[in-house]
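Letters A, B, C and D name the chains as they come in the text, with residue numbers starting at 1 for each one.
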């Protein structure tokens, strides 16, 4: 029984946080503060429980054919949403292996972060509002991952954007924070509409937005012909949507600003869940992406560039959350890199481990901020003595993200980097394109495994350059990551305290509700990666296959991509290459840690010298490559051409943003149009007459 | 056409345009209002020329008698001094307005021009028709002399036969229509009527005789077809203004009208003189029959307007 | 023949007075005169209707212009009330002085 | 009686054929609205001075509820031909708009006591004017004749001119009324001239006959005599409608009038007037001007092209200028211009070819979603206030979201809906409109439609900016002055806001019913020519199939091996 119609638990999973949000949002102000906590935590806790039950049902339901396990999916149609004409969409949920991991992340980490927030927000008067938003966010995120069709996903997609906006701007007293929230929302919306258009395009070609039906169409030999021509456009459009939500170049500008929100929010939304929804979506649509190698190449390049530039910007941040924010951008770049090179498993593996260690790091930083009430790491130092638990867990997180061997980040990052070197698209194999074989014929008639069996294959130059290029960028980024993370660690927890004494005397270890989630997450960050060991270790040490659990779990989902689309370039037994790649990345990571240790603990004067020497470069990095300013320039310049911009120019070039810049065009156009509104009724009547006369003249011109 | 009608048309037309211009040009609203009243009289005259007698009367009663009095009342009430009226000062949008109004006029006239061309075309048709009528008159003369001759036959039965034969060959004018549309029911018309009807029902024609008598006859011919007893010849009472006539609806089929009057079960009632086009009778019948819904809506509209005017203009509520 | 009024003559006459009315609305600042110009426009429309009515031998045009007159009466009542109302606030009936609402 | 009259010998009396009984049903919704208006004035004369007039709001709201109920009752007893000698229609399309206008009118009236108590202008006439206008909108939606269209338009507009000047102490009200009146009468004059020309060319004012005769004129090659007049007439009539729906370049009155008018009245005039005008416009366009030659197409010469550019210009202008406003009412005025652009986008898509006629259901749905969101938004502005002052700038509402959570929450819902964010009605409406445009673009291969929908998408991103600004002001700014603004205690206003918000959310979460209603309305649209009637029949069958499928799916699903929840 693979396809069951109604599995009600899926509805309950999404419903619980909604109920929590409604209770807290509508009557939360009148409820006792304790009860607000209990409602918020129990709703997401129940959701977690139902998720576990549902996943168990999914596993129980799996069919075993030979040594293959087919999980299929469970689904639940809540109700028929839009039904008119040929356009029909249900509010329907679906649970498959892909969703199940995201479910566990959202509800599991979500639960921990709710717990943590109880302590963190204990002094906040409007706690009910906070928890209501947070629950609402969980609801939207669950919609996003549970959706059985693209429209439900889109609703969740918009919903998480709105909730993120509400939560970033939660402490609204600060104008900058309100602006940050708005910026995040608007930038996201630019991407959202690309997603929407992509969805429409898919809908026209296929007549459905249901994932299962779409997958059938895209993988079926007969119907593939219809979808193949638009696959590239659709995937690029959907990817643009993802760049907005997942903070990729060029739409990453909102994420660092979004750190204005409360720290648990940053941990949950801007590290663990919402920002990875782009990766989730692309993985969900992997069958579409794999049809179009060009789109994948774009994704890989954007991902690698984002990873690299994010890491370089993180090098010079002095805000503890700023470092983590840019690190998030960088790690998200890794995930897209993985998607681009066809290692969807690697991408999701990194989503999981990243959720663990980045949530841990954010919560740890929140604990620090809670304790010393500053975010500037130059005013910290030596906090390990005051807050040992936080320091210990933070160290685990840093080791995990730096790819320290046998920590979770090691496994996932290793898989991604190795995939970058080894994976290649079938169409990129040398000779395939030259022979001018029709794409569809190739996809359907030439089973790719036949190519892999023949040992190492030649790859065409472009694919080779792109693959190795993104791989090398990834490796460099790994080193940078280790460096800036340990810089953060050393500057915060080691050495001497650099702030004023009074603050230090108030500094304290956080309450248990905050430490327990830290500990749990530290455990996960340390051992969460053990579910997907590198192949060569399993092979050489003759370890049980179960250590490759993660890959097997997703085998069915990524069947299309794995089997037909992507081949290992190094032949059937690439273990030596894989080991070398692993060694390199580990070595680079350790080097990074070593330099961080030297620069910030042993010889603290070195960074200053380096900074002095590369003054310009440092300036570029601190100013985030002038991207905000670039947006500004691009948009403001055109508004000057419109003849109105000169007076705004000075102001906006300095403190503008994407939003302000885009608004400037609108403003200058609007100003011209607004001047029509002179308030003189006769002038209005003249406009009306002119409108009639001109349109008549145009029409007559056409007729005659 | 005659002499008087064009003369009055030009008097009224020039008067209307001049006084309209005066309404706009005069600075004092009082004089503007007086010129507008004059203008309305010219319009009423034009309506008379257009056989819209009732509308001409209404124009004077409603517009001049009621609306313009209201205007004058307000002007007197506000009692604006000369210096309050302000001097005319030229502004850019005046030029724009002038240009766009001239353009609007040019466009309207260019749209209307084809109607003049079709009048010219019609003039040629008119000539042909005159010749045809000339010929017809000749034929009719021949016909009548033949008839006189036949009536001289003494054998009664033969005479009747001959006369019947002759009657079948009575000369008739076939109706010429500009776009080749044969008017429905045209064959029912006598030659005199035919001469006045050109394209009553033919859609394309935008032209019609302006002859008063012909107009009435034509209108009556049409009305007669509404009340015809023979359903195949009967048009919808609403002049076919709506497409699907409900057969289930209890339609009151009026008694047949003969030349003398109305034949009913109780005898014949003499028909009055046919109601003329543009007089109050057909208008009132239309108003309470086909246009009863807009009529009621107008009642609502006036009520709403009264309340609105009161609430806005009243000083203290 | 040239002076015989035809359809074209009547319609052009109506168009001319209509355009004069439009011009008056666009340039006359005195609200009452402006309003009279609107009445002029409505009258030209009536003339058009009645002209067509005669040419079509169809009384609908008369009916239409009859209703236009009724509506014009209602509009006159409301419009003059509004002008009074404006006059009370601005002590002027010039439309260009009523331009607080703009931009 | 009738027979006696007939005996008198006047042949014209033969025309006295009374409409059959069923036809009177067409009058019911509008007549009820007018009767309620008179009832309200009657009740008001017995009003005890010094007491509040909340009961009038409730009476009129109940009356409007009765109108909606009557529409519901008449829903399945429509007539497939024009009634009253071709003056009115009785079809689901008209009933949809009638119910919409009545609902919006009732909801707007419920907000009046709150606002008028702040302003001390509590008078019974306000209710009457609004109700008359609703009646006009209902008749306009049902009109089958240019004459009915015109009279109903005036019946709808003249009370609204008075509403604009209702705040007699406020000089801005007088100014708004004058601007609205002068421009309204001016555009009515232009429209009438167009009607006269159309009448001249076709010899009739009935919409169906105009359609037939225009086609015949164009077919029989009489183009050279009449086509210029046809184009002139079509464009002038169109401009009259465009004025009422506030589409660029006929939008110019909107911001000034909306700013100067009382808030509940603005909520009313931006929804009901638009609903009525859109209904009549659809009727005129798809019944009278449906000829392919007049329709045009992209880069052709017809009204589709005119509306195409109007739509684009409205979206761009409305959304850009709205950003610059400091006054929320003014901002909402520009946003209503933008919304008109979106609705026109739907009409353009549906009008491109006869076979796309059914896409009009997006227009109907969008109007419904727009109506409740807009009435609600203006309702919040009338719900907040202080003695003698109005709340209309961003500064006025700063920090009120937390001070008055109800108002804040409601405003949030309405702004989200206007910006098109799920799960509100605005999202589904936009989705549906965009889908129609993109679908038509793909099917015809005219990528201009896709370009237009991309423009719509981009401008609605800009829209998100200024809608959110309201929320930012309400939630994330400090109040500028203490006790500056207070929320009304009026229960009726709360009720109205609650209903608006509930409907806005319901249309977003459970849009199926409304979509079905709007589809039924379009399928039952009367008077369209044969080519479109084909499409309508198919649409009706489709609707039936969907309903059957929905019926089937509501049956319990077969039990699987999985544990059921």
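One rule holds for everything that comes next: a residue touches a chain if its C-beta (ideal position, glycine included) is under 8 Å from a C-beta of that chain, and two chains touch if they have at least 3 such contacts.
The structure displayed is predicted, hence computed values, not measured ones.
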Can you tell me which chain is nearest the middle of the complex, judged by mean CA position?
D
Top of the farthest list for chain C, CA-centroid basis, is A
Taking each chain's centre as its mean C-alpha position, how far apart are chain B and chain D in Å?
37
Chain B to chain C: how many Å between their CA centres?
21
Which integer distance in Å separates the CA centroid of chain C from that of chain D?
27
Between chain A and chain D, what's the gap in Å when you average each chain's C-alpha atoms?
42
Got the chain B residues that touch at least 2 other chains?
93, 97, 100-101, 104, 107-108, 110, 112-113, 115, 206, 241, 282, 286, 291, 294, 298, 301, 304-305, 308-310, 312
Each of the following residues of chain C touches two or more other chains, namely 11, 18, 21-22, 25-27, 29, 34-35, 51, 55-56, 58, 60, 63, 67, 71, 74-75, 78, 81-83, 85, 88, 95, 98-102
Residues of chain A that contact two or more other chains, please.
674, 677, 679-682, 685-686, 689-690, 692, 696, 700
Give the list of chain B residues in touch with chain D in this complex.
107-108, 110-115, 117-118, 179, 181, 203-204, 206, 223-224, 226-227, 237-238, 240-244, 246, 248-252, 254-255, 257, 261-262, 264, 269-272, 274-275, 281-282, 285-286, 288-294, 297-298, 300-301, 303-305, 307-312, 317
Could you list, by residue number, the parts of chain B that touch chain C in their complex?
1, 5-6, 9-10, 13, 16-17, 20-21, 23-24, 26, 29, 32-33, 36, 39-40, 43, 46-47, 49-52, 54-55, 58-59, 62-63, 66-67, 70-71, 74-75, 77-78, 80, 84-86, 93-94, 97-98, 100-102, 104-105, 108-109, 112-113, 115-116, 119, 123, 200, 206-208, 210, 215, 218-219, 222, 239, 241, 277-278, 282-283, 286-287, 291, 294, 298, 301-302, 304-306, 308-310, 312-313, 315
Would you mind writing out the residues of chain A in touch with chain B in their complex?
680, 682-683, 686, 689-690, 692-693, 696-697, 700
Chain C-touching residues of chain A, taken from the complex the two chains share
674-675, 677-682, 685-686, 689
Parts of chain D lying in touch with chain C, wherever the complex brings them together:
146-147, 150-151, 154, 158, 161-162, 165, 168, 171-172, 174-179, 181-182, 185-186, 189-190, 192-193, 195-197, 199-200, 203-205, 255-257, 259-260
